[in-house]
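Here the chain labels run A, B, C and D in written order, and each chain numbers its own residues starting at 1.
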Amino acid sequence: MAALFEARSVTKRFGGLTALSSVDFALESGIASIIGPNGAGKTTLFNVFTGLYACDEGSVTFRQQSLVGLRPDEITTLGVCRTFQNIRLFANMTAIENVLVGMHARVTLGLWSVLAHTAGFHHTERRLQARAEALLERVGLRRHANDVARNLAYGSQRRLELARALASEPALLLLDEPTAGMTQGEAGALMRLLRDLVADLGLAIILIEHNMRVVMEVSDRVTVLDHGEKIAEGPPRDVQTNARVIEAYLGTRARERRPRAER
Amino acid sequence: MSRYPVRVTAVLLAALALVALPAGSHLTAQGKGTIKIATQSPLSGGQAALGEGIKLGTQLAVEKFKGNLEKMGYKVELVPFDDQAKPDVGVANAKNIIADKDILVVIGHLNSGVAIPSSEVYKEVNLAMISPANTNPTITDRGYASVYRVCGRDDVQGVVGSEFAHATLKAKTAFVIHDKTTYGQGVAEFFKADAEKKGIKVLGFEGTEEKSNFDPIITPIKAKNPDLIYFGGIYEQAGPFFKQAREKGVKSKFLGPDGMDSSDLTKIGGKAVVGMHYTSVAGPVSVYPQAKQFAEDYKKKFGKNPEPFAAQAYDATAIAVKAIEATAKGGKAPTREAVTAAIRGVRHTGITGSVEFDAKGDPKKALYFVLQVVSDNPEKWGDNKEVKRLVIAAPSK
Amino acid sequence: MIHGVLAVAMVALSAWAVATFPRSVLVFLLFQGSLLFTYLARIPAWLRGALFAVALLVLMPVIGYYNGYYLEVATQVGIFVALALGLNIVVGLAGLLDLGYVAFFAVGAYTWAIFGSPQANLIFGGGAFPLAPGWFYPFLLVGLLVAAGTGLLLGLPVLRLHGDYLAIVTLGFGEVIRVLANNLDKPINITNGPKGITPIVRPPMPFGLPTSEAFYFLVLVIVAVVIVVNRRLEDSHIGRAWEAIREDQLAAQAMGVPLVRAKLLAFACGASFAGVMGVVFSAKQVFINPESFTFLESIGVLAMVILGGMGSIPGAVIGATVVTVLNLQVLKGLSLWLNELKNAGVTVLGYSLTDLPTQLEPAKYERMIFGVILILMMIFRPQGIFPVRRRARELER
Amino acid sequence: MDYPLLVGIFPQVLLDGIILGFMYALIALGYTMVYGVLEFINFAHSEIFIVGAFVGVEILLSLKGAGLLETLPWPLVLVLILVAGMAGSAALAVSVERIAYRPLRAAPRLIPLISAIGVSFFLQDLIRLVESVWRNAFNLVYPTMDVLNERFELTSTLDVSVKSLVVIVAALLMLWALHAIVNRTKVGTAIRAVAEDQAAASLMGINVNRIISLTFLIGGAMGGAAGVLFGVQYGLINPYSGFIPGLKAFTAAVLGGIGNIPGAMVGGIVLGLLEAFAASYLSLLTGGAFGAEYKDIFAFSVLILILIFRPKGLLGEVVRERA
């Protein structure tokens, strides 16, 4: 059986710089992590997966359908959704409205139903609202449903972004550093939540993560990128002891204390 | 909802009420004895110079002719409105004007685009509008009894120009330019049509909204070298055009309609416009001593030479005052209907010639002058030479 | 409770005052203010609704019967409210800066103007036009569709552009439409150029209402529909998608919002309101020409949206009201009042206003004052008069 | 079709377009400077520009009144009015920023735009009011200096006036000076730093407010110079005559890539050429069916086309949007 999600020899160049060179990646189910030092090409890979960038070579398929050339919203409609490294909420909308926007791809109402307030419209709106509340509940933000996103605490914003991504009913979720800036405790709670989601919804998740403890704890598999190339792949324990990985990490660790925002 | 905006509104309203009620009574306290004459023209914005000419011409006339009415015991006032050259503002003003029962006549507008919808409003209450500047045939062709004008029509003035170009200037070829306004394009089109009928070859017909840079239009004209350039428009635009054309070495003769009739033309155009001709209903000062008086009074009172249409506004006001006097004679208060009807009977010899209205409200016979600019000194605008005189009746469609 | 009593009292009192002092602008402002108070006051929804219904459906037409000027102002307010609401969708909700919005208004206006006047005969030949007055009502829909189509036509190529690039292209588009209207009198005469189109057929008035009352009600109905449509759009997945685009276009797309389709829909919806009002405007004015559709009009509508509070429906309503009333009434009233003082020879600090030089004519400050008000508003209340309040959703227990 | 005529006027039209283009470029610099730093369309720049023209004409008229206009050497007069015009516009630009824009710096982007529109309305009618009290007229004519009107005949179909040469030379000088200031001086570095990231720049010890004032000062000065040259070249100014050239110049700035100084130059010249060719040739090429009145449509259509294929303008860099 072919994998749920598969990328083959993805290459992406910016001018003279090769950001990704011939990266292969596949995921059947569960949680996979992508790690690597800064500038390794992790976010670029996500951007290729979700249609923000077109790759120069290679293929990306989801449920055997090619994603290459599709627009981000089309990819989301197919069931691949993501969060962003630097939170990109709809700052002036409330938490629940943010989640409702996430459901856009699943609303099939036409303009007329909206204008005429048909029965279908009321029914859909009620359903959406109930689902949004449930999602907020799940990420622990029910109390803040009517708060404007801008005013939420940092950790809450991260969780809201997760809820918003879940709202699109994805089969595959791409999370770009979901625990950045969280305390160890908050990060742990989030990871438990992710585990639950995988168990409850059969969701597949790809993570970009810097927090090694989290990575090792939660991932079924880890892929290591460095300078746009895949240098290792395998179960967490194997990767941890891989010589090239240690070299790549130690080589860069000394230079940077904290992961800088890649923007 | 916070209480704050509610309180603020309440306080504001209370304050407004305190101001409003006494002020309201003040505004309505004007007694019976007032007759108001309103003007509508752009007093702000880009066309304010011409619009102000209309207002000032009216103002001068009101002061000059109100004597008789004041003797009868009426107070005569001028109420100037700024229509901003915008049709919607003009219409709102018109509604305001008809709501003020003291206003018996409107002098205006500058723009036909504003005059047409506004006059629909005046018509509702039979309030007379005398236009000093709207030359668009449509204005009177609608046949409204309350609409008059003292200025010529585009279809007449264009013909006067082509007649002159053909018979006197002996032009074989002409290039026609206009300013893309109702007035300028209207005159230019009638000029072109009649000129072609008379055998003048029209080498080009261009419209432009440009105000400053005419280079790209002049270049092809220069290459075609026509005998005559006719500019349908206003001096503000024609001045720079003529100046730039001469500077670029264009040798053609220049001709234009009454929009050229301003000393500012020489101020702007300088030597370039000396010797050019323009057509006008306003007679040269040498023919009409009254006109000379008007120019002097205007200059004395407002410190500048009259703008185009100021003289027409002055005459329009004089006619209005005559009509009001006629209706007020028996001692009864003049009404709008009576004034509107009385205007048709007025015969007036003013500074722009004698005016007598036909059934549509056009001047029955328009006397046109062709004048030549004699000096580049704006002070000597009044010395412009009469070259030709033409009497043409308004077309009866 | 106290609010309820106050609101009723204010509406009643101010309506009485308007009836008593029909010429006082301040009193009319008081009436408008009382409606604002009613909107803000803490009163039950039924009372608010009833007061609005009485004021807008009964009091206003009665007031208008005695003073058509107020009705005209109210009608124009309504027209601009619809325009502001349309632009509010594009700018306020979807965050697309459109500087050429008035183009859609023009498209709607010309749609009816051409077919509702003999103009169409020039295009299609024959004498079938103007259409019968009854056609006006279906043409409301035609105007809507044509304007929405124009919105799509403009949107398709340019919606890829960001921010100010989009702004300048829409500005250019607005100018293109105006210049086309001004020039399409040749080679085929479609718009009659600067001379404009007249007479435009007015719709048959239901229940034998007088024209201005009929237009008032027509505009009122359209505004009501527009508000409902706006509300419904805003509270749906469509409105949420627009706001998401405004907040973060990339994130919105990543969440499954099809950018181009959503933006096109915003353009088309915004344009359609303008189209409908264009049809009404042309019938109301009887005459239209390109002067009504200049860039400054677009800017004016934008100012209404932002002054009121971007993205807020009550904001757009109050913004349009304030700007229109300011322009047509407050500033005009002020200059008329000063003019009256001047005519009455009032002295201020020993200086007689009669000696005021004509350059300082009160009517000339209007635009300047408007400018200052815009600046002050932005500095002291940048979020607008009624900023958006996020609607709190009822959560199930 | 009259081919000799079409070919014959070509050099002259080209030259006309270039002169107009330089004029647009000079005005466009004011928009571009401010936009580059604040990402804000200074809508009032057209009035700042025309104030320069008014300062120039006032000085010329006073000189004329004093009988000095003919006796002073013309280059001196020209430099005098240029400097005065630049100073006047620069002072106005800085005060406008201080009063109407600075309090709004943190506000959403459309807010200062509306404020700028307010400033524009206010200034237009203020100039009108002041001039009508002072001179009893607000359409003011630039007194001619005969030297400036002299023409050199380059060929039988191509000639150029001294004042057009002045426009070209002055524009080139200013553009060069501006480029040098922004790219080679410490102040220029500070301006670029503020444009890049205001917060970071202020952390580096740059006084952001001062730099923004300076940006307005420079942009205003360029506008003032353009105003004076505009008056000298075309002869007649009124308070509203800045509006349309301002709009066009803004278009030129966008065309070239707003925020980009060479872009303003390129955009200005492209727009100038487009307009000149459209106005001269449209009528000849279509046998009179379409004429000079379509030049703006033509210019805007090309603008739209260019932006569709190069969404950031001719010289604007294509910035990738990153997640």
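FYI, contacts are C-beta pairs under 8 Å (C-beta built on N, C-alpha and C of every residue); 3 or more make two chains touch, one makes a residue touch a chain.
All values reported here derive from a predicted model rather than from experimental measurement.
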- Please identify which chain has its centre, taken as the mean of its CA atoms, farthest from the centre of chain A. B
- If you average the C-alpha positions per chain, which one ends up nearest the average over all of them? C
- Query: Roughly how far is chain A from chain B, going centre to centre by Cα mean, in whole Å?
  - Reply: 71
- Between chain B and chain C, centroid-to-centroid distance (C-alpha), Å: 31
- Rounded Å distance, chain B centre to chain D centre (Cα mean): 34
- Task: Can you tell me which residues of chain C touch two or more of the remaining chains?
- Result: 179, 182-183, 250, 254, 364-365, 367-368
- Task: Give the residues of chain A that touch two or more other chains, as numbers and ranges in rising order.
- Result: 50, 52, 84, 88
- Message: Residues of chain B that contact two or more other chains, please.
- Response: 44-45, 48, 180, 207, 209, 302
- Note on the structure: As the complex stands, chain D meets chain B at residues 5, 8-9, 12-13, 16-17, 19-20, 23, 125, 128, 136-139, 141, 144, 149, 151, 157, 159, 161, 230, 233-236, 238, 240-241, 244-245, 275-281, 283-284, 288, 291-293, 295-296
- Note on the structure: In their shared complex, chain A is touched by residues of chain C numbered 229, 232-233, 236-238, 240-241, 243-244, 247-248, 250-259, 265, 388, 390, 392-393, 395-396
- In their shared complex, chain D is touched by residues of chain C numbered 91, 97, 157-158, 160-165, 167-169, 171-173, 175-176, 179-180, 182-183, 186-187, 250, 254, 295, 299, 302-303, 306-307, 310, 357, 359-360, 364-365, 367-368, 370-375, 377-379, 382
- Note on the structure: Residue positions on chain D within touch of chain C in the complex are 35, 39, 41, 99-100, 103-104, 107-112, 114-115, 117-126, 128-129, 132-133, 136, 247, 250-251, 254, 258, 289-290, 293-294, 296-297, 300-301, 303-304, 307-308, 311-313, 321, 323
- Touching residues (chain side chain C, partner chain B) in the complex: 3, 6, 10, 13-14, 17, 20-24, 26-27, 29-30, 33-34, 36-37, 40-42, 67-69, 71-73, 76, 179, 182-183, 193-196, 198-199, 212, 285-289, 291-292, 327-328, 332, 335-337, 339-340, 343, 358, 361, 363-368
